[in-house]
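Please go over the structures that come below.
Look at the two complexes coming up: subunit A is in both, with subunit B in one and subunit C in the other.
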Partner chain A sequence: MRAARLAPVALVLPSVVLVAVFVYGFIAWTAWLSLSNANDLMVSPVRLVGLANYARLTEVPRFRIGLGNTVTFSLTFVTGCLVIGLGGALLIDSAVRFEGLWRTIYLMPMALSFIVTGVVWRWLMNPSSGLNLLLDGAGLGALKSGWYTDPTFGVKAIAIAAIWQLSGYTMAMYLAGLRAIPGELYEAAAVDGAGGRQTFWRITMPLLMPVTLSAVIVLGHVSLKIFDLVIAIAGPQGGPAFSSDVPANFMFQTVFQANRFAEGAAVSIVLLVAVSLLVVPYLTWSLKRGIGL
Partner chain B sequence: MRSHVRAWGIAAALCIVALGVHAQGARKLEIFSWWTTGGEAAGLLKLFEIAKKETPGLEVINATVAGGAGQNAKAVLKTRMLGGDPPDSFQVHMGRELTDTWVVTGFMEPLDDLFKQAGWEKTFPKGVLELLKGSDGRYYSVPANIHRANVLWYNKKVFQSAGVQPPKTVDEFFQVADKLKAAGVTPLALGDNGIWAATHLFETVLIGSLGAESYRGLWTGKTDWNGPGVRKALETMMRMLGHVNTDHAARSWDQANDLVIQGKAGMTIMGDWVDADNLAKGVKDVGWAPAPGNTGVYDALSDSFGLPKKAPHRAETLNWLKLVGSKEGQEAFNPLKGSICARTDCNPKLFGPYLQWAMEQWKKDAIVPSLAHGAAAKESWLTAINDAMSLFVTSKDVAQGQKLLTAAAAEAAKK
Partner chain C sequence: MKRALVYLGLVALAVFYLVPVYVLVATSLKELREVSLEAMWRLPRTLTLESFVRAWAGVPETGTRGLAQNFWNSVCLTLPAVALSVLMGSLNGYVLAQWRFRGSETLFVLLLFGMFIPYQSVLIPLVRVLQALGLYGTLPGLVLVHVVYGLPITTLLFRNYYAAIPGAMMEAAQMDGAGILGIYWRIVVPLSGPATVVAVIWQFTQIWNEFLFGVVITNKPTVQPITVALNNLAGSFIVEWNVQMAGALLAALPTLVVYVLMGRYFVQGLLAGSIKA
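Right after this comes the complex of A and B.
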């Protein structure tokens, strides 16, 4: 009897301990570090300095620019993925031929790592190769751009690559959502004399809301954490005048280039809070409804 | 009882085996660097070859980390050093990158005995000896080579057809630039993807505007970053940026050099690894001169090796350091790497025309530490200057640039 009760605890215990140490333990450690004066390779004695590191961050132009870029990137990337994903799903759902083939083609980029995507797009968007040559050849020279090397374009170039990678995934989510809408609803709507547009806005879209929300959460936290794609496309410096830089990249540079561990920890905590603001409400909401992420 | 005896027996046997393995493994040497390709990798392997000949049975572990001009390697090195698992010796830029990162934190062993024993205080120039010392006045690393950062490389044919000579002063630079522009050529090629090439250009401008003595003062607090000298340098830099290729942010230094080779650009200001690049590409029409205003100043950087306190194979490492600083080692390594010896007694005949020229300058020029390549400022300071440059190159805002540079210097002076 006792063994039967203990068994589940014993089985779960290792992962609880590992998560407690390697996730929450390190989060706590990072939070402590961000309040300390450990802004060199070795600092002794290490002492707490309150919010000094956070205060300093507000004065660092690179951090401010990075935060702004994150907002631009998230908006461009999430909107792009949702629009293209929904469009693709509707097309495929409306009985295009070779559905399986299209689905595979659009889903394929998701299988790549961001580093691979980044290297490919780095060359596609190089000012003297790839897209610009293509545009030249098509007589659309006016549309040429410096992409990630143009400070005014900057992080939107990174978003293009990210959209390419994840709009297929969004499409798959929408496709599943569309397939889950009972056909009777459409039949009933048709009986009531609803037109195509009405059916779409009154039935399809509302019933896709949970999918959209899930997609926004998944894409949103990807965009807040983006790092590898920026490194691969714009390099560790985040492009000219940090036009493609993001806080995660800045954090890495601060810690491993400048040896400013406490300041880097402060950046991580800011990022963690930003992601939590997005994810925690969603988790509470989905737990209440009894569905997983 | 029986089982106890057996357990002790096994333990003893294991100890003997472990000792045996240890004795066998003692002749090992792990060298950590970011030299993975081209001439530098060839030079490193050549040094290993000599080390193995000197110590038969020596097993050399070539621990390289590729990418990012050493950035990735430095990140890996930090985790290893802080984790108590240092390599026997590692490639590190002579100067602040070594002293302010690893010496002040007490990770390195001083090498005074080795320097005395090998007589290096006489064979290395004074300017270099100063850069090898920690704040306690003791030596902490052995330089394998010397690169020169402040070199102007120009396309001879382009210069000839535009009727210009390599500019000696900053004023001449702008006269030449205007003539090149009129001839339809981009005056100055720049490849500042990753920004360090812009910082590199800026350090030559700083030297040109301030002179060797005041430039050195920037790193010791004697020269004011908020003063007129730095302001003039930023203004010159801003004007220079008006003469560079528009796609500079997309190019790397070697891709900028390609513009010069192809005659699309007249000149580029870059370190003497350009010479190795030109030799590898079979280019002969490219000439060199000191960067504008840099005559008589040798803006130096060096790859050096030191001895971490916890180096697992101390004796082998000392042998390695002896080899790195020896005439034999330097003469084997440098012609392959495309750099000159840190020693002043190497045989010039082993080197190509550019390097022979550099060796001449090395003996008589004032030696100053390179900023962009880790000699002049500690890593956090250099990172802050790189960040300031990144904004300045785009905004071309002199006041903002000087404010950021001054703030960076103040922050660096805090400790």
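Right after this comes the complex of A and C.
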């Protein structure tokens, strides 16, 4: 009987040990590094210096710019994905022909890597070509932009490419949500004489709230971690004057180019805390509802 | 009238998603002298695969490396990593869905958290441990990393799927004297087809497209996966746009083919882990 009770544990043990070491052990190690003086390859002895690295970060311009960019990026990217995602889902859900075709087109970017997306969009957003040529041709020259080369537009250019890649995914979430709303609700509303607009705001939108919440969490955590796309479009320095730079990239440069391990570790712990604040309440909430997990 | 507006909206969205694809394909099929900033939107006058040859095999005159080696690196890396992470995820999912033990729910949540973390927060220890194990800079090292960090999502996919297997089936098999592995093998594995397809497609796409681990763990151009090589190729100023676009298409081809052929399962994977992008 004892063996029977141990067997399940034994089967998951390899995975448990791997995740315990590679996730939790490594995070603890990184946290410890972030409190140390290991800001050089040759530091010896390595000792704890408290929050000195974190304090220093608040004075590093590149980090502060990166944090600001993350906020701009997140707002642009999440809003864009929600609007296009919901709009597309409503269009597809209104009994159109060739539904499969539209869905295939809209979701296709999800199959690509951020690097491929980045390479294409860097070409499209070349200041002397691409989108600017189109805008000129359409008589919309006023909308022309330096895109990722423009210090004031900067990170929003990256967000446009990210919206292209992930709005189809948001659409798939909304479409699944729309299809899960029972038809009787709409029939009852029609019987009560509710108009299209009323039905949408009183029935559809409230019932889509859980989908919106999931989408915001998923997209929000993607935007906190965004890295590949910035590298592929704006390069390792994150564009002119770090205008497209993000903390994930700053961490990478600090650690793997400058060997400032402790400082890079501090950046990554800040990122981890930000992601946790978003994800942990959501995980607990989903588990309690028993949905999605 | 309303119908017309709906279709107008659908077409407008399709244009948004397809314009980059047009530029990608059109540019990659152009000859170098046809590629210019002013002529980006023009259709190629003569179709040539020359830029694909250059992206694949390299350009000896400029010393540019081709992507051929890196494409095969990605194949050799992705296949075992997908197989192992799916196999282990299936076993974990089976235990966590059908053989719950004290603390197994907590364990599951702790496991899940692993797929949300910014990987920057494990990179420094990861590099040091791989160096100590002699796996730094090697494909087996990268396989190990992808297996470990793929476990949360594969476990989640299989656990949700196996939770729907009726307990009565398991009990009946237990009556017949089957053990935990016997039941897995005789009852659960034969039922696993759909979940396995979803998990394989998901992991294949994720690992093939991954960049951060690749760029951190593989330092030699001959070992790097295709995403890293593509980024290097596109980042060098001497490489022509048509070659860059051809390289991007080559890097995208395997996952695009899977998406076009098995799109239905791909979307299922997305939504099953709607908790994760």
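As a convention for this text, the second predicted complex is superposed on the first by the 292 of 293 C-alpha atoms of A that agree within 3 Å, B and C clash if a C-alpha of one lies under 4 Å from a C-alpha of the other, contacts with A are read in each partner's own complex, and residues count from 1 in each chain.
Please note the rule applied: a residue touches a chain if its C-beta (ideal position, glycine included) is under 8 Å from a C-beta of that chain, and two chains touch if they have at least 3 such contacts.
Every value quoted in this text rests on a predicted model; they were computed, and no experiment measured them.
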Partner chain(s) touched by A:Tyr186 [first = subunit B, second = subunit C, both, neither]: neither
First (subunit B), second (subunit C), both or neither touched by A:Asp40: first
Touching partner for A:Asn126 - first (subunit B), second (subunit C), both, neither: both
Touching partner for A:Phe256 - first (subunit B), second (subunit C), both, neither: both
Subunit B versus subunit C as contact partner of A:Ala176, first or second or both or neither: second
Which of subunit B and subunit C A:Tyr54 touches, first, second, both or neither: neither
Which of subunit B and subunit C A:Arg62 touches, first, second, both or neither: first
Which superposed partner A:Gly239 touches (first subunit B, second subunit C, both, neither): first
Which of subunit B and subunit C A:Pro109 touches, first, second, both or neither: second
Residue contacts on subunit A - larger count, subunit B or subunit C: C
On subunit A, positions contacted by subunit B and by subunit C: 126, 128, 235, 256
Subunit C-facing residues of subunit A, complex: 4-5, 7-9, 11-12, 14-16, 18-19, 22-27, 29-30, 33, 84, 87-88, 91-92, 94, 96, 102-124, 126, 128-130, 133-134, 164, 166, 168-169, 172-173, 176, 214, 218-219, 221-222, 224-225, 227-228, 231-232, 235, 248, 251-252, 255-256, 261, 264-265, 267-269, 271-272, 275-276, 279-280, 283-284, 286-287, 292-293
Touching residues (chain side subunit C, partner subunit A) in the complex: 6-7, 9-10, 13-14, 16-21, 23-24, 27, 37-38, 40-41, 88, 91-92, 94-96, 99-101, 104-105, 107, 109-114, 116-126, 129, 145, 147-149, 151-152, 155-156, 160, 179-181, 205, 208-212, 216, 227, 230-231, 234-235, 241, 244-245, 247-248, 251-252, 255-256, 258-260, 263, 266-267, 270-271, 274-277
Residue ranges of subunit B touching subunit A (in the complex, touch as defined): 68, 71, 74-75, 78, 82, 101-102, 105-106, 193-195, 247, 249-250, 379-380, 383-384, 386-387, 390-391, 393-395, 404, 415
Contact footprint of subunit B on subunit A as seen in their complex: 39-42, 61-62, 126-128, 146, 149-151, 235-243, 253-254, 256-260
